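One structure, as structure tokens, below. Some questions next.
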Amino acid sequence: MLEPFYSPSVQHTLDLIGIFVFAISGALLAVRKNFDIFGIVVLAEVTALGGGLFRDLVIGAVPPTAFTDVGYFVTPMFAALLVIFLHPQVERIQTGVNVFDAAGLGLFCVTGTIKAYEYGLGLHAAAALGLATAVGGGVLRDVLANEVPSLLRWDRDLYAVPAIVGALLVVACIHYDALTPLTSGLAVLTAFVLRLLAMRYHWRAPRAWNRRSTVREEEGA
Amino acid sequence: MLEPFYSPSVQHTLDLIGIFVFAISGALLAVRKNFDIFGIVVLAEVTALGGGLFRDLVIGAVPPTAFTDVGYFVTPMFAALLVIFLHPQVERIQTGVNVFDAAGLGLFCVTGTIKAYEYGLGLHAAAALGLATAVGGGVLRDVLANEVPSLLRWDRDLYAVPAIVGALLVVACIHYDALTPLTSGLAVLTAFVLRLLAMRYHWRAPRAWNRRSTVREEEGA
Amino acid sequence: MLEPFYSPSVQHTLDLIGIFVFAISGALLAVRKNFDIFGIVVLAEVTALGGGLFRDLVIGAVPPTAFTDVGYFVTPMFAALLVIFLHPQVERIQTGVNVFDAAGLGLFCVTGTIKAYEYGLGLHAAAALGLATAVGGGVLRDVLANEVPSLLRWDRDLYAVPAIVGALLVVACIHYDALTPLTSGLAVLTAFVLRLLAMRYHWRAPRAWNRRSTVREEEGA
């Protein structure tokens, strides 16, 4: 097992920030789908904690942190309350929310990969699970809201790729015995900036060969 | 760990009743969605056992009771058979089904909370998991049927709140060292009656601030 | 625990073939749903590994094989690449894909049942989990693609029944102490052939009593 290489309190704070911004995105979707306030809280909790819960079940870390740490559990409630009372304002600062969400993505792909490795998974598996930690909550959010997960849709800006890059940087650092607070911070930053660039310049992944993306198609999507 | 505080055979019987009525609700939705008989059985099983299965995975109680106890597994099949041959009659007694479903909700939020606490979770986590036990099967049912979970929709009578109240009563009893068959029975009864009242008087939760629910909107929902 | 009764390398090869063909079916659906290449890979992975992942979580075999064996993880990527570049050709050989998928179904219901039994589950639970292993990936595939799982739909050829028969043959063999490479191979073959016959002759399961299936309804389904 690795030495914990953030101070625990720093790591905890970073986790809570990531949880908070993911919860905001869940709560906003719930408002758009016209859910009641309990539905908003549920979707905030699932979005914020779903990825980490899946990771913990897979690596056998039960009961998962989502259920043992009160802060993890209460934070999405605050996010939901904020959205319930201020959602027009929160919508208006959607760009700000997206920036935080990008930060959450960067944090979770890195901490998820490290935790999976600490529990004995191999490097490729740790990276895959880091990715699942970062994007799993959003997929669950969309499934519960009965929508096609935006992760999978071609007409969305790149979301998985920044997380994959962040996770791969971490396993490269582990492989070369270079995982330090600095290098893992750089991995977070890389994923974060890549996601920001993808949103700014609308980077999108291609679809299967022979499918051209035209404006017409985009309108109909 | 707590002393088991129902006699095991009483608890088992109560569990099977809860499983049976949840399975009925799953099978009825499957009939409405025009599934074949295997689809009806699958949806009955998932609805009845999904919540407990999730709880057991989270607390690390593997293999989950759903797979180790033949009765848990066979009961939803009987419910499915009943619906397959008698579904017009079962639909007609929908009110009766709803009453049983309310009983299942009350039972599962209480037994789920207690089991989670017995496996070492904290009080707030035990209550959250009790809620998940009670409502999880219904959410899975709706996701598999490709519908927005009725748990989340604002135009449904309160469902989560009675289960939350039941779970909180249990953790309050545990906190004050007052968990007895009597008090836990009262918690079941409270959740049960609250759900009946919510159905009778169409209690609904508000939505996010600024969204007024008018008759027009309700028609279009 | 049973002796492993295939040579490990034979079993591993069979598993990889099953994973490959299931991944093809996931990737093809992703192309039809217009997902981007990352969505195609994700759906291929989930379809191929989802059933086994669920089984491993239920029996407590963590971390699941899906994450510990590089081959399990890389195979769906190859399948996804193949579909991305050759999907019109793969569609054209849809019949061939269906034959392989039937082979995967037969393999997974048998190996899933055996693994569940080896981990101490009872016979009925092992059969149920073998079924879940065989069909679980396809259900997850359809849920993520926001479609009603084809497993549940009445207008699809029998899919669950061949897997149920295969799983029951295995537990019958275990019960009578007759599980050998030969008999388990026959169980695979039986499930495989039953599925082929179901596709060839469009065997379908009935729906609930009183629902007649007419051509009109089928068109509207």
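Just so it is clear, A, B and C label the chains in written order, and each chain counts residues from 1 on its own.
To be clear about the criterion, a contact is a pair of C-beta atoms (placed from the backbone, for glycine too) under 8 Å apart; a residue touches a chain by one contact, two chains touch by 3 or more.
None of the values given here were measured: they were computed from a predicted structure.
Peer 1: Chain touch graph shape: choose line, ring, star, complete or other and state it.
Peer 2: complete
Peer 1: Taking all residue numbers at the chain A/chain B interface, are over half used by both copies (same) or under half (different)?
Peer 2: Counting shared over all numbers used gives less than one half: different.
Peer 1: Could you give the separation in Å between the centres of chain A and chain B, each centre being the mean of its C-alpha atoms?
Peer 2: One centre to the other, that is 30 Å.
Peer 1: Can you pull out the residues of chain B that are in contact with at least two other chains?
Peer 2: 57, 60, 143, 146
Peer 1: State the interface residues of chain A toward chain B in the complex, per the touch definition above.
Peer 2: Within the complex, chain A touches chain B at residues 30-31, 33-40, 42-43, 53, 57, 60, 62-64, 67-68, 70, 73, 83-88, 143-146.
Peer 1: Please output the residues of chain A touching chain C within their complex, sorted ascending.
Peer 2: 57-60, 119-122, 124-125, 128-129, 139, 143, 146-149, 151-154, 160-161, 204-211, 221
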